[in-house]
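Presented sequentially are two complexes of subunit A, the first with subunit B as partner and the second with subunit C.
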Partner chain A sequence: MIAVAAGTNRIDPYLIPALDGVAYGLLVFVAASGLVFCFGVANILNLAHGLLYAIGGYTAAALLDGGWVSLALALAVGVLAAAATGVLLAGLLTPVATGNHLSQALLTFGVALAGGSLLVAGFGPDNPQVQVPAALEGSVMVAGHRYAAYRLVFIVVAAVLAAALYLVVRRTRAGMLVRAAVDDPEMVACLGVSPARIRAGVLAAAGALAGAAGVLGAPIIGPGTGTADTVLLLSLVVVVLGGLGSMAGTLLAALAIGEIQTLGVALLPSAAPFLLFAAMAAVLAVRARGLAGRWRAA
Partner chain B sequence: MPLTTPWRSRALTAALLAAVLTTSTACGDDAPGTGAGGSIKIGLLASLSGTYQAVGTEIRDGFQLYLDTHDGKLGGRQVDLIVADEGNGAQTAVPAATKLLKQDRVSALTGIVGGGSVAGVTPVLNETKVPLVGSNGRPELKDVSRVWHTSYLSDEPGEAIAQHVRDNVKGSVYAIGPDYQGGWDELRGFTDAFGKIGGKLANADGKTTFTPFPATTNFLPYFARIKASGAAAVYTFYAGSAAVDFVKQYAQSEIKDVPLYAAGFLTEGGVLNAQGEAARDIYSVLNYSPDLDNAENRAFVAAWKAKHDGSPTTYALASYDAAAVLDRAIGAAGSNPTPEAINTAIGQLGQIASPRGTWQFSTTTHSPVQKWYLRQVRQDGRALSNTVVGDLATVGR
Partner chain C sequence: MLTVDRLCAGYGGGIVLHEVSLRVRPGSIQAVVGRNGAGKSTLVHTIAGLVRASSGRVEIGGVHVAGRQPHRIAQSGVGLVPQGRRVFSRLTVAEHLHLAAAPWRAPTSGGEGWTVARTLELLPRLAVRLRHRGCELSGGEQQMLAIARALLGQPRVLLLDEPCEGLSPDLAARVRELVNGLAADGLTVLLVEQQLQHAVELADRVAVLEYGRVVYDRPDAEARRDPAPLAAMLSVAAVAPPPANRPTPRLWADTP
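On to the complex of A and B.
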């Protein structure tokens, strides 16, 4: 993306928004992929997904002190805490029949409200400051424009995360089981693998992803009282745009959201309030399955 | 039974949820009462939970500080302070105010963070004929006969700083703010006054750029437009988490060296801590700063610091002043300070000495005619703080 470099003067002002759209889109991808897995694979509608991200965000605010060690620590603690919350959710969801979205929505939304209040009670109503490592605090020049160093590094890290996710789903036994559970859940059960175990595993993985996104994304979408709602909303839009079928669809949708929210806003600021939802409506109208096909097409 | 439901129904579920999450509603109606004796009942309504918890807490603490430093008395009478939670807006504020006014029968009401809450509570005030000495939110009101505010009108900060920006910025100014009533008022105050004295906006169509609120968390695309506009300075108003996002992203953006002027709420209170270094050097206009050099303020700040971490905010000050107003009004209302008598007495107070400097109620808007200050975020000991660097206009009508 950086290699696109300085184009003509007409393109030049939009270079940074376009680059930032990639950073924002990749953050949305990492944050939303957990929800997409839950919904698409385990068929669990987890409205507490934003809470999982917020847990990561608050962990980052509490532990980061401007050093690299604290970043690694915050990442570990945030991922574990969010994954543990995911397992807790799976436990709470056990009595709720799979596919009963209304009960799932009510239960997980209740957990999200209670969890949100607990976070505010624990960390206070103010938006806490997030201190990234000093080396990433400043800004760098990209093709003659100033851009936040942290966001540039974030693009690389999030891309690595996305690639790792793809490999895990495609190449490992766990990933194969998860994909098999989508294609033919009865057959997977016949093989002696409990769908309940897969469900707990998927929620834990979703929590870990959201937690990682929360820690690493804290300087971009920071922790605060509205964070959980923002992330949940963006994740649901990813589901609508990208479908539940494939990682490629999720990635495409997340990047589209990133560009709509940055490049789109830079090009058409007066349309900013409804750009995202206009895009969502357009995709639904033209192609109800989302931007990409089914999961197996990953 | 298959574990998966058809994709379309899940897409619909997700779309519906997204729609629900983007909308919210608020409404309010209903009515108040009184009480007296050797003691007097005062009701304080403030957001002690929800989005504005930080502001609500400051308002409660500011009022309490005045009571604590005045033997718990207002106008020579022992105060029975009844605190209620305003929540996020009129929906929760109106029932809470109704209880204070009708059940507890308070003699006066104070506090209220949100403008929408004030609008919702006003009919109840008129029904029960109890005065409100509000300390923050102030919507457009047709009838202010029982409504007084110790804070400000939303368009006054911008009006007060316009001349300074005109004098000190060589070039056009880019105006940007959040897309809701408070944002429109704050920015209109600046752009109207700035335009009248010959100032030119850098915005493409000559009109303020409004960002979706509260949806905007990424301001970078707007910064790219500001850069392209060639603006010599930026004027803005944001509060809460949007203020944190705006300031932090501004400091790392390609317009980081463009001077930033703002209504004081951009860097006031808790948000300044969250912004940290990114807020350094920002100019803002406000009716108060904890480093103002007068006897009232020195006493106020010392008393505040003895009980709380950090310096008092304009929110705490306005509530402290609301208590001072009630103190004098109850004292002047005679041996039987009914709500009506207190309301009449407030209208005859004249000059009020305050940590912000002397001010008085406007006879038409019932909000302060007061001096505004230019502040800059500078190092103060170990922390960054809003430091007064000059006096601006006295505004009020």
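On to the complex of A and C.
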């Protein structure tokens, strides 16, 4: 009994960081899954992906006023704006869509720089504050610890989003097209489906997901001058760790990142600056194809 | 009607097909035979739009389609059963059929009204494998699935690239019987085949490709009556010198 209590006491300080890691990981999953599908389905390296999240984040900062209506409005506007930016990107990428990744990287990096500058010009250089709905501002008790209510709700919402994404990919015709395109894009074209339409659809969906993550995750990774870079970097780590086109791998990698960034830092504070990249290097050294292999869309 | 007129195509700067001309009547089977590397698959891929035609014409029912993108050509009524089947490994049979019978694949003018039910009636083996993924099927089942996928696109022209490759003799015979039945129903069939005997048995006309050129194109009756020239062309001893290569003209037009 004493041993159990002692064990519980040892785990206790890390419970909240571990829970935070789940929230952070699910946020990274929703934000990064679009980039994974861009890469796996459309074979496009989109370095403007972080910008799509930042659009959602700035929308949240501009529209949220502590009410539920403003949250719904911010979500709608953020998702639509980021999805529209995704479609715009698809149009810009058309000439280099079948080219090498360097051309795509240069083009999308340019868009990211220009878009980031426009956001700063529009919203100012300071990191804006984000006001969550008043009902979620407080904290709740979790295993004897106070924990931010918004983060707890975010975990539920992000889990629902992840489940919805899984169902769309597995059960809908659009999801089948995505999985088929990961497998053999030429044969999908021979079914009469335009690769350009698939590309635009994937980039729009990627934008919508990143936009939703930006709005809902603004209290966790808030809008600011470095937000786009942070989200892009985390998303690229997810791509490397999770493998291309794999939803299960993406989720696993995102949760691993979340735990490394929170629980890992709590356990090894001195290693905080390089813990994430050390983990990435270790995974690559042991399993170069990522945690769940590659080319699996669910 | 499928008309291929002086079609040139290749990869990079090299030409593989040299002014290939063929006419396939509705309801007939045109076999194309030739050695490995003769350009048979390139011909099929060029008609389907997967390889860029550098010059020449491809007409489906009188409509020029060469140079269009593959999805446009598919929408014009061209169904492809590729070499190696290329079924989607992670999709189930049911998902293949669902995707292939999608609303964007409305019956093409003159195309047969293929439904999932009719396709399963024709290929009953697929009906008991609906929940299995493409990678879990046998070679014969994958071939049936590739044919079903193509038929659900309501094609007027069916391109079959070595459909019997790797199949057991009885399965290969079933596939040939199936292709014969499809042509009898009015489908225009271009069949790439390695086995000369099978090609002659099945086709209404037989063409031989050699180094990307049509060196023989006659009715099957003539090929049956006098098979010696045909056999000689496909024998190792009858290798003609390859034609000189020439640069690819820039005629790729991405017709919307």
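Convention: the second predicted complex is superposed on the first by the 284 of 298 C-alpha atoms of A that agree within 3 Å, B and C clash if a C-alpha of one lies under 4 Å from a C-alpha of the other, contacts with A are read in each partner's own complex, and residues count from 1 in each chain.
Convention: a residue touches a chain if its C-beta (ideal position, glycine included) is under 8 Å from a C-beta of that chain, and two chains touch if they have at least 3 such contacts.
This is a predicted model, so every value here is computed, not measured.
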{"item": "Contacts of A:Arg179 with subunit B and subunit C, given as first, second, both or neither", "value": "second"}
{"item": "First, second, both or neither for A:Gly222, with subunit B first and subunit C second", "value": "first"}
{"item": "Partner chain(s) touched by A:Met280 [first = subunit B, second = subunit C, both, neither]", "value": "first"}
{"item": "Touched partner set for A:Pro195, first subunit B, second subunit C, both or neither", "value": "both"}
{"item": "Contacts of A:Met187 with subunit B and subunit C, given as first, second, both or neither", "value": "second"}
{"item": "Partner, of subunit C and subunit B, that touches more residues belonging to subunit A", "value": "B"}
{"item": "Overlap of the subunit B and subunit C footprints on subunit A, listed as residue numbers", "value": "182, 186, 195"}
{"item": "Touching residues on subunit B, where the partner in the complex is subunit A", "value": "2-5, 7-8, 10-11, 13-15, 17-18, 21-22, 50-51, 53-54, 57, 179, 209, 211-212, 214-218, 220-222, 224-225, 227-228, 240-241, 244-245, 248-249, 252-254, 256, 270-271, 273-276"}
{"item": "Parts of subunit A lying in touch with subunit C, wherever the complex brings them together", "value": "173, 176-177, 179-180, 182-184, 186-187, 189-195, 296-298"}
{"item": "Subunit B partner contacts - residues on subunit A that touch it in the complex", "value": "13-14, 16-17, 20, 24, 39, 42-43, 45, 47, 98-99, 101, 105, 120, 124-129, 131, 138-139, 145-150, 181-182, 185-186, 195, 219-222, 224-226, 229-230, 232-233, 236-237, 239-240, 243-245, 261-266, 269, 272-273, 277, 280, 284, 288-290"}
{"item": "Subunit C - residues contacting subunit A, complex", "value": "48-50, 69-71, 74-75, 80, 82, 86, 88-91, 95, 98-100, 102, 104-105, 149, 153"}
